[in-house]
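In the two assemblies presented below, subunit A is common to both, partnered first by subunit B and then by subunit C.
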Partner chain A sequence: MDPNALFLQLLTGLQLGAIYALIALGLTLIFGTLGFVNFAHGALYVIAIYAAVTVAANTNFLLAIILVPALLFAIGVAFERGLIRHFYTRPHTDQILITFGLAIVVEELMKWIFGANNIPFTLPEWGSGLMVFYSDWSAVPAVPVFQEAPSLWVPFIEGFVTYQFWRVVLIAVSLVTVAGLFALLQFTRFGLVVRAGMRDPEMLRFLGINIAQKFAIVVGLGAAIAGIAGVFGGPITQVTPGVGMALLVPSFLVVVIGGMGSLSGALIAAILIGMALSFSAEIANLQQIVVYLIAVVVLLVRPRGLFGKKGVFE
Partner chain B sequence: MSTETVSGPVRPAAATGTRSMGREALILLVFSAIVLSMPFWLPLLGGYEGLATKIMVWAIFAVGFDILLGFTGLLSFGHAAFFGGAAYVTGYVFRDHTSEIIVAFIASQLGVLVLAAAIGFLSLRRTGIYFSILTLAFAEMMFAAALAIFAPFTGGYDGLTMRTTPTLFGMPMQGLYVFYMGAIMLIFGFAVARMIKNSAFGLMLRSIKENPMRLQYTGVNVWAYKMAAFMISAHFAGVAGFLMVVYEPYVATKFLHWSTSGEVVIMSVIGGVGTLFGPIIGAGFLMYFENVVQAAIGEQWKLVLGLVFVLVVIFLPGGFVQLGAMIWRATGHKVRERRHNVPDMEPDTQRERNLG
Partner chain C sequence: MKFTKRNASRRQVLKGGAAVAGALATPHFFVKNAWAQGECATLGNFPVEGPEVVFGFSVPKTGAYADEGADELRAQELAVEHINNGGGILNTLQPLSLTGQGVLGKKVTYVSGDDQTNPDATRQVARRMIERDGVIMFNGGSSSATAVAAQSLAQELGVVFMNGLTHANETTGKDRRRYGFRQFFNTHMTGLALGPVLAENYGTDRAAFHLTADYNWGHSMSGSIKDATEGEGWSTINRVSTPLGATDYSQFLTAFLNSDADVLVLNHYGNDMVNSVTQAVQFGVRDMQKNGRQVELVVPLYSRLMAQGAGDNIEGVFGTTNWNWSLDNPGAKAFVDSFTDKYGFPPSQAAHTCYVQVILYADACERAGTFYAPEVIRALEGHEYEGDGYNSASLYRAEDHQSFHDVFLVRGKSASERASEFDLLQIVSEVPRSTVEYPVDTFEGELGDYCPTA
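Right after this comes the complex of A and B.
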């Protein structure tokens, strides 16, 4: 295979995986801690893209980057305190139903306010244009488009290739977000409590820790990650009310393939799905169903997912 | 000795044998009268003849869905696969082979049989939340495949259109004929569902809903029962999909879309899960809402419907049937206690209790 094409497909795979990873991480975080399947997670993403589009169009994109995740965090906390909390003692099916209902309400509300059609999401000036990857700078043509674009030296490719800069930004932001989340859970006291809560919430309560309050923050975090995904992913996916549900189904599969409640599993599964989507693009008609085929194979071979632990939500 | 475990649960029903038989017959008679007279009373409420047929289609779908959700406690988000799958097979037979509905009916049910066996086998490897996600995923896979790989057969985004009028032994099926065929199918389906509800099999399904683990320990093949319930409800969905195409000779890709699965979930929950009447009322309500109320409130009808659904889930877990029971009780009547949405008792349910 041509190394340049291979490199571009790897980038595309990463970029596709990045969005799934951000949404799936939020899902699996909420699921792992609260045992709650959030069918409204796609709706959170929809709120985020519309908030981002509105803020960016009226003020400044940088403001959207700060405001939207904060807004989503607040929505997430309010969502947990106001609604989810009352459903812990109700059956799983009710939990799914209430979030499913909310997803419909949000989708229809957005349709009402913004219309059903795609709203153009204009990229900020610093984020538009191309990025140049080169192994040999002398091969890059001496025109301003290439010379002034952000560039990165990469071994193994021939000459140079270009890629949309924004997609690279999305990959980078996802990496930082994921690293931040893992660091938060691994190295802080808050993370310690949350991880312990994922194992045995009862014992934590005996120890006098207010896990209910911690879990509200967890839902807020999951929503804020969806917010980040919305700000950076919105220009790439689409800005329509239906995009939430369209992203939710593959993200669910990412969670299932990775193993319910496993953060690293979700991350690896997201990259796997992204790569599969990217590399199957050339084979006619395979791309649309490749995600499901992987899910079928994983379920047949390892019903609890790649990194699912024995005894966890089986 | 082995018969003891089977006959045990049946005894209460058998003891009241003749009386419950009479009561069953009365229920069925009243139900049939209401359903068969629908074309006469529905227009008085602002509906139209075709709407009555549509209500039949969705009521059949919802009754079958209740066997899975209401009795067994499995929430499938993928029944569009069976509804749409049967619709496509029916449309394919009508377009390319024969207008005879018997042939189309048999073909579509065979298609559903294969499909339900495959999806059921894969989805029932997991329970609870996983099951909902997996059924959703496999139905979406069908949807994606219909638009891509199978596009030559399904017509892709255009759907299947056919010019033939479906016939029953050469007699064209249109208008009220389709309604009465649907009504008979609904009455038959309702009777079957009632029979299941009152049978040892139905009791087993409800026990599985309450505590699958305990049944597993007593040596019951829980998986086989779940699979049976899944297959039965899939066939109801298939009959509904078949009827939809007989009613309107067009197969839309929407039939396979998750929103179709969502609709049957909404109507079951709004009406009252596990009651059989509830989902039928829910189907009527949703169709009425979608076709008649929509004219009054315009594009926002879905938003209103979503809000109604959310409110019902929060405050009325037993749906309209629960509301009816509450009103009945408030007016001084006695109501038999009914447990709504009993927890599906996963191993982790206890865990979540502790969070509250």
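Right after this comes the complex of A and C.
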């Protein structure tokens, strides 16, 4: 295979995985810590893209990057206090039903307010255009569109290739978010308490820790990550009410393949699915089932998913 | 003794009563059959009782085409208004038997339902309208998958279906039905209109790469463009199917970048088209050179609603459209003005086709002098008319129920060329009806009987 074509396909796989990872991350975080199945996560993404396109169109994109995750955090906390907490002890089927219903309500609400038609989400000036990957800079044509674009040296490719800059940004944002969340849970006192609360909430209450407050923050964090996904993914997936549902199913499969509640599992599964979609693009019949095929194979070999912990969702 | 024998028992009285009732009812049945040349034993909701006749509007109110559906319903309501009270294209349509006082002396009312752009939902909605609401005709839809489903049901139940927006060849090709009529053009006509223009503007030795929505319309579109462009000397490098409702096209665009093709054809509609064209532009496809030439984008079927969703990304991109509100002829003006007066913005092509279809059906009933479907169908078959929004006459071909009229080659306007937020498509050329007319045997298909065939 031509090394440049291979490089482009790898990059595409990473980028497809990046958006699934961002959405799956919030899902798996809420599931892993609270044991709660949140099918309304796609709806949070929908709220995020509409908020992002509204803020970006009326003010500027940088403000959207700050405001939208903050807004989604608030919505997440309200969502936990108002709805989710009443369902912690109920069966997973009840949780799925209530959140799925909520997702439909949000989708129709957005359609009611903004219409079913797409709202064009224009990229900010600094994020538009191409990025140049080169092994030999002299091969890059001396035109402004390439010369002034962000660039990166890569070995093994021939001459140069270009890729949409924003999608590279999305990959970076996704990786940083995963790392940040991982650090928060592993290396901070808050993370320690949340992880302990997951194991034995009763004991934590005896120790005088406000576990309810921590749980609300966890849901808020999950929603804020959907907010980040919305701001950076919106210009790619575009802004229609149906996007949330379209992304939810593959993202949920990412969580299952990676192992329910595992952050690293979600990341690896997302990249795996992204790569599979990228490399099967020209084989339509395979392309449309490849995600499910991977899920079947992984679950047959490892019923808990790639990095599933013992005792979670069993 | 004889007297007592004559004493009828209760049972005999009931029997006799039933016989009399039957005898009284018989002439009614006979009249209906005799009048209909004994054609159909049972037929939809004919005859129409009472002072009102009900039309059914089955449009997508939810799902990806909800905006098309909303615009269709606006146009259908307007059509009913014009049939009952006059106005709109009733002032321009020729020949015309409608008087602006309902149809055959009956006031038109309507019911509407959500087809969800889903063939199963379409059948359910249509069945409910026909069986519960007693509609005499139904109209609407924004997908060829639902159109084909609705037509089959129409044939089964003996209720005429006037198609809404459906562009696949199958609707009046392989899946044509006696009870289905299509005013909208099809992918073959798009190919006939677009092929020569693409060759003229981009050269005759281009290599095309298709991304195609994976359902009947997408494949129909891709096949028609392949035939049309290869006829002009182009080659087709690959045709890749993309799932309906995909959110990210990067893997398919990467496949295009990695190929030798220098023209990207996007056989997508609605949000799929908005997404794929936006992402292709973001990928820099339009700034690219391949094989030493500028890479070009083609979107075979355009609509104003889609152009609105895609924003600046459609600038300069070629495609075709069935109709556009900016046309300058009496029929178009009459429709656009009354629509704009009522709703405050101009109609889409989906609205136009539904509006015209409803009025053409009503006019056919008036011309036939009955709501009896076989007669109405015959009145529409081979009917030539003008003043429905085109600059020249249109014809409903009898053999496949496809309407032939001018179609329009359009190009996306740049932001600076737009006079308003609805002024997105520039009409590059008006392709005359004769250019897009094709022999009826181009596609095989059977219309079926004038009587419903379950």
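Structure notes:
Please note the rule applied: the second predicted complex is superposed on the first by the 314 of 314 C-alpha atoms of A that agree within 3 Å, B and C clash if a C-alpha of one lies under 4 Å from a C-alpha of the other, contacts with A are read in each partner's own complex, and residues count from 1 in each chain.
Throughout what follows, a contact is a pair of C-beta atoms (placed from the backbone, for glycine too) under 8 Å apart; a residue touches a chain by one contact, two chains touch by 3 or more.
Just so it is clear, the structure is predicted and the values come from calculations on it, not from any experiment.
By the touch criterion stated above, A:Gln288 is placed in contact with subunit B and with subunit C alike. Looking at the shared chain after the overlay, A:Pro150 reaches neither subunit B nor subunit C. Once the two complexes are overlaid on the shared chain, A:Gly82 sits clear of subunit B and of subunit C alike. Looking at the shared chain after the overlay, A:Leu299 reaches subunit B, while subunit C stays out of its contact range. Using the contact criterion defined above for the overlaid structures, shared-chain residue A:Thr122 touches subunit C, although it does not reach subunit B. After overlaying the two complexes on the shared chain, residue contacts for A:Thr162 are found with subunit C alone; subunit B is out of touch. Look at A:Gly180: by the touch rule set out above, it reaches neither subunit B nor subunit C. Contacts of A:Trp112 after superposition: subunit B is touched, whereas subunit C is not reached.
Touch criterion met: A:Leu34 reaches subunit B, while subunit C stays clear of it. In the three-chain superposition model, subunit A touches both subunit B and subunit C at residues 108, 111, 287-288. Those residues of subunit A lying in contact with subunit C across their complex are 2, 4-5, 8-9, 11-13, 15-16, 19, 108, 111, 115-120, 122-123, 128-130, 145, 162-164, 166-167, 235-238, 240, 242-243, 246-247, 277-278, 280-282, 284, 287-288. Note for the complex: subunit C touches subunit A at residues 62-67, 70, 214, 238, 240-243, 245-248, 250-252, 254-255, 257-258, 271, 274-275, 278-279, 282-284, 287, 305, 308-313.
Subunit B contributes residues 69, 73, 75, 122, 125-126, 128-130, 132-134, 136-138, 140-141, 144-145, 147-149, 151, 258, 262, 265, 269, 299-300, 302-303, 305-307, 309-310, 313-314, 317, 341-344, 346-349, 351-356 to its touches with subunit A in the complex. By the touch rule above, subunit A contacts subunit B in their complex via residues 31, 34-35, 37, 83, 85-86, 88-94, 96-98, 100-102, 104-105, 107-109, 111-112, 201-202, 205, 211-212, 215, 245, 249, 252-253, 255-256, 260, 285, 287-289, 292, 295-296, 299-300, 303, 313-314.
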